[in-house]
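Two complexes, one shared chain (subunit A), two partners (subunit B, subunit C).
Let's look at the complex of A and B:
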């Protein structure tokens, strides 16, 4: 039991290493951190920062090759390393509970959820079978799982990811642990689901006086909304540690400043604000520089930075591992990264249409199984995309926002020809585009290019960068290319890679570099239209920022129109000129980017904007609750597809009749809803507002 | 943890050559090093056998029939007075070429068919796979006997039999790899750029099948040695008086009480070479098909 007056968790000068052959790589170095009872602390870092290793060390979950090299972790008045396995078993689940990232893999697929939850209570509380089951159901109720009876009887595969995450949280909290460790619990969830989980966690934290929370994430905005304190990690070092408000108002470490400047703020566009990517790359544990780890990327680096900085106490319960924190606090030094050199072009004129998608549908037919057929059932039709019309102007960017299952990727694949559309037409630079790839001409191939989400998957591991770029240059360029190697070198330089990368294999590149090569390959034939399907979603924020800048720059140079598909409204809002919101295979709203963030909003857009965590801890944001989960596209609701979850549901009309498209003369915005324009304007306020200090961020 | 794993990949020395790396790993493990040594020795014997064999394959040494192993005749002599040691040495070439070339033909044909079938999909894939299913429904040995029965026993028939029996197996393995690879982003990216069919098959997809192909080829090769020997033993493969190991076992069997060494030597040769190749293919499988982080 934790019963003393000190901090609940006291990490002191902790260094954790992994053995790799003869070498020992330090993943976490000299980290000191305290968590007091009832406090919520966020650990933020990009991949390779050591945040997960730190959490695993706290949980004593390090893999066999991981080892605590120095320092101590005290939980209450006991040292975690010294505990026997038996004591650890009491600690795990009883005193420290973990909510891991992938809910589906964390639960036993062959056990009912009620049994899994009851097992913990029976072990830690010694409850009888019946009492444990009752308490398990009560804990399900506490995390607002409707119908806990049914959930308790369900197997994991019968529930959605968001519901499973709730179950895990319920299980973690059921023993009233002193410390709850959440490791990226919402990273694999949709924004609207994420918002619900975050709200739940926030309410639970506030309701619980004694449970402390350690929240590990890469997402700065989530932490801003959830935690009392934030610790920022970089390359194994804890570089800054402060209360949430002071940290976001004035970071005292250049890395924190850099991170904050990389995140597109909801509602800002590339025409108003620059993203400032952090120069260079996060070093691996084998190639860390001497002295301050951030030195090679730091705009403030001077000679003194060649000695390893201590974690300076900056007063006001803040600490910074920067030699020059005093100058930063006094405002004498500017820790921000330089503004990237780019032309801020005004939004492109509407100079004709590059891509015209008319009433396109993609339906997948699932044949009935034999038993189904014997019962007289027919196969099901999955309406992945259902009558979508889009226009993409030459040289402009159209953002397509939707959650998973919305059909956004299927739409992109239908346009590229990787799936054949069921109906509808696509016109591309006044050429009709056949449904299948095989039927398309070379002109279409070369003018319609694509960048996919996963950079590791985008490049063939057996084909060198040079060859990957040379093929499209030689085969698809309209003009004759005399010296392909020279063009390849130019392409590499255009994505800020040295021409020597032509000699590399994809294995030798980082994720960001791979995506740059994929972008270079897409731009190789000088395309008129680029389809970018979540091109930055799997990248760290600092890499994401530089890639967004790159896309913008290449667009300006080549005059390419971009269809930018993403689940991230802030990113889309930043990059796009126009935005289309898609739900269950149908468009809900189409709007110029600047107008999307002002009322009237389509009720779905409203919910989406209310769900995005904001980077400003003091921002005001209305809450919008959506009912239930996104329905399956094989059983689409009648009338308005959104009616089952709509907070502004009117009644029978929404169920029976398809809504009209509503728009205003000259306004540019149109939305698909039964509620008239003026009514909606009257009902809705602006959904989020940054605080005065937040705006400066 | 994932973070650390990815950095380990980055930290690997750039381009030592994948082949070289695999070879190094093969030789580091004692079992597969032994297997490789066995295979190399047999290969050299097959190459230079005629020059190092003390006697001809069918050379009858007057007055030395049925001799037990000695310095003069390490494996003894058989009932006709032929030196068993020389016959085993000279037989290596036959077995290894027949099994090797047969496997090679099966691997090439199987790879092409598997690539096309898997990548093309649809009715073509369906037809090819059902056809192969029906071939594989027969035990390999029965199929071989059936084929040989209609072709008549000869070296070329044996070759053909090995190719026919193993092509479907190789094709299936390749096809299953292709099915996994063809939905990868890089394959789709190449399709979107309108790449040509041969480029798609051989440049984008084929390299990914190499690990599975190498393992399968090694495995097929060891089975092919077995098959050649078995067919020889049954008298439907290579015909006397060739120094075929299977044939020798069969001849030795008749006189096992008088000249057991004439049976043991070729049988041991078959067993040793098959074990050697299997040791290599086992290790190859764990090197190529199990991700490095799981191996340890």
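Let's look at the complex of A and C:
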């Protein structure tokens, strides 16, 4: 239908606003962007950047209070705003298709997936019920869903998130649309599942010569691996737009540079590379500064930046909304954020053990129902954590990596005492730690502190920041505190918040600030060990960078040991001295961070590392395919728990026998596998290598 | 699904056993002697003794209970003390009338309540919504005897469309009785209407916010299809449960409505029995009521499961 020679999508000077009472807040300002047939364009931005509003405006699906204030959106040779509702419906699903995020809630819970996929074909293709269902099943096959018959009959709650995301992609592609809009399609998925979906999308994009793709995400690495072009958004502005390679090689806007410098690159550690957080915060639509929106946070801001910059054409199909782009390109100006002042902790100093976890198991018993018991069935045992041993050295950081369902959070809760362990011992500074919080002495819980993933849940909304910090200072510090307020002020300053924050309530803080308060609260009693459970996962990348730096800095100052739990291998690899990989409640590999990225890898680690999208568009990365989904901890596979999915599965031995721990003399890494060290080294190539530096990891 | 059904059925039987014990004990433990309560204060000792004998009141309690339950199950419900007739035909006759009234009420109420609720929900905070909310709430605020009397004034005396009182002969068929059913049914419907319409409305508003609605709309489906096929199926779930449970109230709780229209249903029989201290009749009526509520509940659970695949296909 779209058969003219211009761009497929032509957004020209688009401004989108939301009515809020009397005011009109502009969520997207003066955005111009073109997408040509068959092209894939990524839109990258942090929360509040306006990327989702832009995508919804393109689809003309804004909420009632949203409105296009100026500018035009042309799809093919037609202006989207001028189309009748009926024409718009022909476009939706037929010409423009959306793959939304959060597949589980994006599908109707009470309709069979086959029906949901068939209705789009019936409507747009006028197919009969039978023909539509046949085509729907064919579309499931195309996205590599095994047994499409079963999928078609299933309801959403019967499938995993990854499978549902495939169904959504199949639905969107079934009418062969000219434009596919993907809105964070992998944001709620595990990294190995994400890798499969990304591979699928990449193959589909390459196979489809005519479908253009608009990929919306906060993840710079995903776009680097997937898109031809990238548009960077900041506070409603499109600040830079370029081909993927040139953009990552030399960004022409200081914000893009800043973002790239915030991402921990897989395989780099805090000892070699600094993360450079962007100072300050992204302004809301009601408080945008005059002139360039990035000016207050920009290292290159000068007087001219007080006038609003146009989208400069920088040649080579690049554009930048920075007055000083020429200087940046010539290399005369450095757009990078300053390197944060911090002492680099010398690695590898072992000064004794802070926390010694020995053979810990946490089993939950699910009791059988009455009819089950009448049939002689017993309850099931959920082995959330199954015989894990960890040693955390004083002043060191141990990273614990695992996907959802791996038991990493349960392990953390067992160490803190929020769930009682079933067996095993914990020694903490040579004290035996009782299983439950109630049985623990004040010494233990003042010296063993925790930071949770979601700071909004962790802070009482009715208690001010000052009070929240004063309590642990007064109750948990071992020495007597004369002036608690002064200590609170010092704590706030140690997490880079001004002492005036003591007067605020959690609601008045941003997500990053709340997490800083949570960190300050955890450090209030001068703990010897800090447990951090996904402390940066809910934060934007620039905020994440500053928090990682903060944790490192506080560790250096206080000598605190940190158990850092995360699903993100790159973050853990950056921050930790040692890394433990957990799968189905058991450790698969324990390694110094520096050695994790060299073979031999435990086959599961290998798959994890192969799944992480890399920031370098030209990096080479080996593909590792895992079979199926992670099994339930209530039906753990026999022998090696990973054998059901292992790409290096040997045969009966993996099913029948527990693997041994394999290691080399003199410490270093050890892994839990039937494949011997030398064999594994021989079989495994390095998983990825970067292009520019030629650096092999 | 079967498993779920059997489990619900099990719960239902358990409920029946427990409530029957309560009903039995309450009537036995009423202050004063049961026989005396029945006969009145002036009755002679001999008469009281005879009644005690008839009722088996001198047997131990468990024996009395088992006798009573067995009688109820096999249909030997005994004699009413006030009418001196068999209880079973008396109650079944009234139950039939009440069921007819319930059916007519639901047939009127369901489409109207769902229609109004959906209309209000789709137009949240617009004038249609406000109009429906105000109208339905002001109707529900009026007690049944007021709405009933107004309806009688207008439709019975004014237009002469329907009879003012419901004299239903015992052998009248459903369609013969229908004219007498309309006004009481409308009165009962008005009580349910606002409640169910509001439930449907909030269900629709809640579901419209769900991401799957956007997915459906962006498939390019017509708005009607999105609403009917996607939104309603999920939005009506809470209302279905409430509707099914309300059957219990419609069958045996319409005391005011039945009195206004002189309708020969369960409610009035209840009042009559309590008035005459007719314990065997009260017991029978209470048991029937419990049965109806229990089955209405089962119906609600099953309807919910049928519409919700997560329950239907096992948790």
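In this section, the second predicted complex is superposed on the first by the 687 of 697 C-alpha atoms of A that agree within 3 Å, B and C clash if a C-alpha of one lies under 4 Å from a C-alpha of the other, contacts with A are read in each partner's own complex, and residues count from 1 in each chain.
As a convention for this text, a residue touches a chain if its C-beta (ideal position, glycine included) is under 8 Å from a C-beta of that chain, and two chains touch if they have at least 3 such contacts.
Because the structure is predicted, anything quoted here is derived from the model rather than measured.
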Which of subunit B and subunit C A:123 touches, first, second, both or neither: second
First, second, both or neither for A:434, with subunit B first and subunit C second: neither
Which of subunit B and subunit C A:246 touches, first, second, both or neither: neither
Superposition-derived comparison: subunit B or subunit C, residues of subunit A touched: B
Partner chain in contact with A:472 - subunit B first, subunit C second, else both or neither: first
Touched partner set for A:106, first subunit B, second subunit C, both or neither: second
Touching partner for A:7 - first (subunit B), second (subunit C), both, neither: neither
First (subunit B), second (subunit C), both or neither touched by A:631: neither
Touch list for subunit C against partner subunit A, complex: 3, 7, 210-212, 214-222, 225, 229-230, 233-234, 307-310, 313
Complex contact set, residues of subunit B against subunit A: 1-4, 6-12, 14-15, 184-195, 199, 203-204, 207-208
Complex contacts: residues of subunit A adjacent to subunit C: 59, 61, 89-94, 97-98, 100, 102, 105-111, 119-120, 123-124, 155, 157-158, 168, 171, 371
Residue ranges of subunit A touching subunit B (in the complex, touch as defined): 18, 20, 25, 27, 47-50, 52-53, 56, 63, 284-286, 416-418, 437, 440, 442, 445-446, 448-450, 452, 454, 457-463, 471-472, 475-476, 504-505, 507-508, 510, 518, 521, 525
